[in-house]
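Sharing a structure, written as structure tokens. Questions coming.
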Amino acid sequence: MKKIGVLTGGGDCPGLNPAIKAVVNEAHQLEYSVLGVKKGWKGLIENKIEKNYIQCLTPNDVRTLDRLGGTILGTSRTNPFKSESTEKKLIRNIKRLGLDAIVAIGGEDTLGVAARLYKKYNFPIVGIPKTIDRDLSETDYTLGFDSAVKKIMEEIECIRTTAESHERIFVVETMGRHAGHLALVGGLVGGADMILIPEHDFNIEKVNSLLKRDKRTGKRYSIVVVSEGAKPKNAHEVLLDKDVDEFGHVRLGGVGDYLAKEIEKGTGLETRCVVLSHLQRGGAPSEKDRAMGLYFGAAAVEAIYYQKYGRMVSVRDSKIALVDLEDAVKKLQLVDVERDYDTNNYNVKKRPRIGRYVYL
Amino acid sequence: MKKIGVLTGGGDCPGLNPAIKAVVNEAHQLEYSVLGVKKGWKGLIENKIEKNYIQCLTPNDVRTLDRLGGTILGTSRTNPFKSESTEKKLIRNIKRLGLDAIVAIGGEDTLGVAARLYKKYNFPIVGIPKTIDRDLSETDYTLGFDSAVKKIMEEIECIRTTAESHERIFVVETMGRHAGHLALVGGLVGGADMILIPEHDFNIEKVNSLLKRDKRTGKRYSIVVVSEGAKPKNAHEVLLDKDVDEFGHVRLGGVGDYLAKEIEKGTGLETRCVVLSHLQRGGAPSEKDRAMGLYFGAAAVEAIYYQKYGRMVSVRDSKIALVDLEDAVKKLQLVDVERDYDTNNYNVKKRPRIGRYVYL
Amino acid sequence: MKKIGVLTGGGDCPGLNPAIKAVVNEAHQLEYSVLGVKKGWKGLIENKIEKNYIQCLTPNDVRTLDRLGGTILGTSRTNPFKSESTEKKLIRNIKRLGLDAIVAIGGEDTLGVAARLYKKYNFPIVGIPKTIDRDLSETDYTLGFDSAVKKIMEEIECIRTTAESHERIFVVETMGRHAGHLALVGGLVGGADMILIPEHDFNIEKVNSLLKRDKRTGKRYSIVVVSEGAKPKNAHEVLLDKDVDEFGHVRLGGVGDYLAKEIEKGTGLETRCVVLSHLQRGGAPSEKDRAMGLYFGAAAVEAIYYQKYGRMVSVRDSKIALVDLEDAVKKLQLVDVERDYDTNNYNVKKRPRIGRYVYL
Amino acid sequence: MKKIGVLTGGGDCPGLNPAIKAVVNEAHQLEYSVLGVKKGWKGLIENKIEKNYIQCLTPNDVRTLDRLGGTILGTSRTNPFKSESTEKKLIRNIKRLGLDAIVAIGGEDTLGVAARLYKKYNFPIVGIPKTIDRDLSETDYTLGFDSAVKKIMEEIECIRTTAESHERIFVVETMGRHAGHLALVGGLVGGADMILIPEHDFNIEKVNSLLKRDKRTGKRYSIVVVSEGAKPKNAHEVLLDKDVDEFGHVRLGGVGDYLAKEIEKGTGLETRCVVLSHLQRGGAPSEKDRAMGLYFGAAAVEAIYYQKYGRMVSVRDSKIALVDLEDAVKKLQLVDVERDYDTNNYNVKKRPRIGRYVYL
């Protein structure tokens, strides 16, 4: 009888709990036992009985889990490879606990640790992709994305009534430091008039001129969706040095606030900004994140059954697949600007549609 | 400049309006004009100015459309090929209106008319698939399915608190006369304990024995999801003739009520039934149905642009494709029981997962 | 240090859990201990250690309770006064458990038992009113009402898109066997075109004539909300005997189905029926039911503190009050037809408004 | 036949449209005609035909209005009494339009203009109270409050899953520059661990010490709700001058950000801030705001019928009443700290409950 550890690392999101549930249930079918490790890699490094970092998980413990956002296991951003001592502790604790395999649910960082653990120690490990940014390579879906899209759509719908009543422009800032998937799809389904993403620097004059054109053609209000990582062209020139960080991102109130001020100044139209921040990663999982969490969790255990280690479960062309963990975290999957982004109108590319990749 | 007609036929669902919006916007880009035809094929047969069945549609008319369920064009189940006289009227009106092409949004029946119109008259027509049952062939998605799944998930969640408080079994009857996709995916994401579908006749003794087993293993309540078209094995033997219709379906209160009574009798456990009926096809479109409506609508106009007629827009392996209208309506796409349904536990098949087709 | 028992009886609804939470927290402040009794009066009658019917409740146990519908204590419709033996068991168990007081949360039946227990045995008991029907006397609010109203409003909104697309009449059947409050307020906020309540028998000819008038004046669809307890005038004459029960209620498919058929027949307009049934009592509590549950729960413990027994907590003129338990259950509080119901239009009475009692 | 003008002024909120609908419907019953004035007082000052500021409203125009947030009439913060010239224009336009009475829907500012118009010119005017802050005098309810409370409750619920997963403290900043009603009731129903309001300056050491106590007693995370207008004791001492505005409010990122930083510093616990801002005033009206909008709108027209001018419709002790417009705007209705706020625990006052005023 195998003993499997399961942990969640990095930022939390809806879909983690369904994945945990499926890991436990599938393991139960195969008569494996499951230990839930709390707080991601931290729980494995610091595990001591008195800290209560390890919890046995049975089907009864996880029955209602698919309806809950976040992760019952808790999470952290701890990297065990940061020092030799934590690395040693990690290896020692894995042995002590007698884990035959680990299912690591996380994004770039958490799965990067998993990849290294597999490569360096050949430890039996399988990853499950999770990030509301959907920017991991080698998979068409990462847990949390659809729930975040849904939340953005709902919040835009909420903003719309006040935007229209006051005839204002609203800037809605979403998450997405490097990748614009969330802003792009959230903006598409939310009916945004303009979407700005990190993959293509925007020209503030053009932003304003497009918004003025919209006003002229009869739009009473406009909604601009902007990724937190989007930035103006030549950020270092148009902004004071102190307002730009090392990556060229807008500091202070963030790019949303910056945009709102520039738009109001440049168009003369009343403009407000709403930063969705943590609201995007909270709440209950959407139907998609429940289904994908359940599929991914079960597939991860199946990968263990077939001894396919060092892999990440993934979805390609609507089918569950296994890919190399290392490939998945090697580089981020950004928006294909050429294919999907209309740089003339700062919005989703409209054509051609046939043969087009479908996001959700 | 081309003149395109757009119509929606059959049962309404969320996603039709986003598709109409995209047809209008995409046509506008190509400088085509769009006539909205009201009440499906009926509008084309009976069109008279005084009946107001034809409406010119511009981008301004459809701006907020993606947020509305149903169809602003209205719908009907009228089949113009039912009589020679209606067939003639249809052809005459198409000519009179000067339509260069038609986008028909609908399910089996509506698209069946489209296929025939193309075959018999070589009329330039493109279809968009719509049915909450998701049982059209040649496509991985049909508009309305995800919104219906979401509604089923939410209603099960609602039922759950009362089921648990009273320690009852609840039977939740979904739509799906021939195909069990809706019950299967709705039940999966809703966490149903049992799912009964039309593709596999159930044995009432087995249903009861599985539910009694659940009770013994500690479940305080159970949720049974059943398609309206599911039926007991040998329906004609276990039921009185007057309670079964010509297809072997349970008459009267429907299969949900039948099941609730049989379960209560067979298990001794208090059992209630809720029939979701029309609630499943109402409300605002989900993020998926907005995105797919927009994709499908734009792709249909693009098909007209490329003069690909007699086709239906479709999604295969996460990409937008064009397929033959005739193939799409030739036969229903049912649940692949072998692959996806666990006939031992009357539930979603759990394994194997890798390589498995992902529904949502 | 006092020991308080708390129980919930009758049909469950949202708001019970917040009340339980407040009872526990308030008791904790006063250094009372709280025993949760499972399954209403049944738990007190049948309590044996092995049945696990009694559970100690602390603030930590109830922290997240206000967000959950239903009742964590479970419920039943058991009446201990039905036989001498159960009555004896009840009294014996109360003594055995050493309960100094009981908080009973329930409707007519549960509180009726409480009133009798107080009257016959002078047992220290306080009631909290709960019924989605809002038909208890001596209080302006009963737990569950607002959540049910909200659900009805949302379901009507869902129905509306399909009603409009098909230009149909929809009959929406709500709960309310004797009182029409739920249909009246749910219909008001849902924008129903007609509302039929048990307090005023409807004339089916008039129903049809009003609906035809609406159609003539341009309404594309109509929504009729009907209480399950509403009935036609002279039910025994217009219906066959076998279709009417002892109270004159429509049997079989219920009054909703009956109405839909009669309307379709009488107006020639396509008509469908949706029965909301258990969906109305499920789901998470609304803001109102959370607030009122918290207020009522705390007030009940305060009543115990001041030794005000045989009372029910209540709200009158926006203030928390204590009333006699016996008065509260003596007779139902029905809709004041004269004041609130427009018998000419079968809808909420429109005028006069000033001085008018506000429901929600 | 009277001609009534209706306008909405100040910040928009859910509930305005139901009120407009009821004004139109009630007026229709009395055979009055209704002119909708766009953009509040601005519409009356600047009215010219080409600006399209005046719109005739009939029952057909408003049928679906109760389901929409915001105001179809648009709004502004224009004060006609700011200059003699605008005052003259206002009076001239009222005459030109032939208005016999005006229904003004708004908060302190909009109704302040109404009060002055009545006092100075004896113009027949009736007010309807609206503000999500619920801080107008002489009424127990103002439109928009319940919808905002609901939104706060839902957003806290959303935040909770991520707070728990990361074991963080979350500061949720609500609206409320002068009055804490929104934070207090939103925090109550959202289950906040601490609520800070403008009516009672907080001591940051005490805030931190309470949060550390919660942590010790086992709370994995805490939610702090803070009104935007809450401020630390001796703000001018603890903050740099440049960080405090003329009213002693925290500048820059606002009080939420300030608090999050101080809490993280003072407790060592990871702390994040979410500012709900405009999200609170958007979206569809709650059941309460629909009902109250309908009641208030109808009552305002009734007041005109009875020639009760210079009044505001209001709700007192669950009944619709008329109060003096001037009294209503004379001073703000703040939280009664003595009665409702627990200054020891920075939360809703727990006792005594009996006789307590019920907010929602």
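To keep things simple, chains are lettered A, B, C and D as they appear, and every chain counts its residues starting from 1.
Throughout what follows, contacts are C-beta pairs under 8 Å (C-beta built on N, C-alpha and C of every residue); 3 or more make two chains touch, one makes a residue touch a chain.
All values reported here derive from a predicted model rather than from experimental measurement.
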Partner chains that chain A and chain B have in common: none
Per Cα centroids, the chain farthest from chain C: A
Rounded Å distance between chain C and chain D, as computed from the means of their C-alpha atoms: 31
Give, as an integer number of Å, the spacing between the C-alpha centres of chain C and chain A. 43
Per the C-alpha means, the centres of chain A and chain D lie apart by a whole-Å value of 35
Multi-partner residues of chain B (each touching 2 or more other chains): 157
Have a look at which chains touch which and call the overall pattern line, ring, star, complete or other. ring
When you check every pair of chains, which ones turn out to touch? A-B, A-D, B-C, C-D
Listed in rising order, chain B residues that touch chain A in their complex are 25-26, 29, 60, 63-64, 66-67, 140, 146, 149-150, 153, 157, 185, 188-189, 191, 218-219, 286-288, 290-292, 294-295, 298-299, 302-303, 306, 313, 315, 317-322, 350-360
Sort out for me which residues of chain B touch chain C in the complex. 8, 12, 14, 16, 68-71, 74-76, 151, 155, 157-162, 164-167, 170, 253, 272, 274-275, 277-279, 281-284
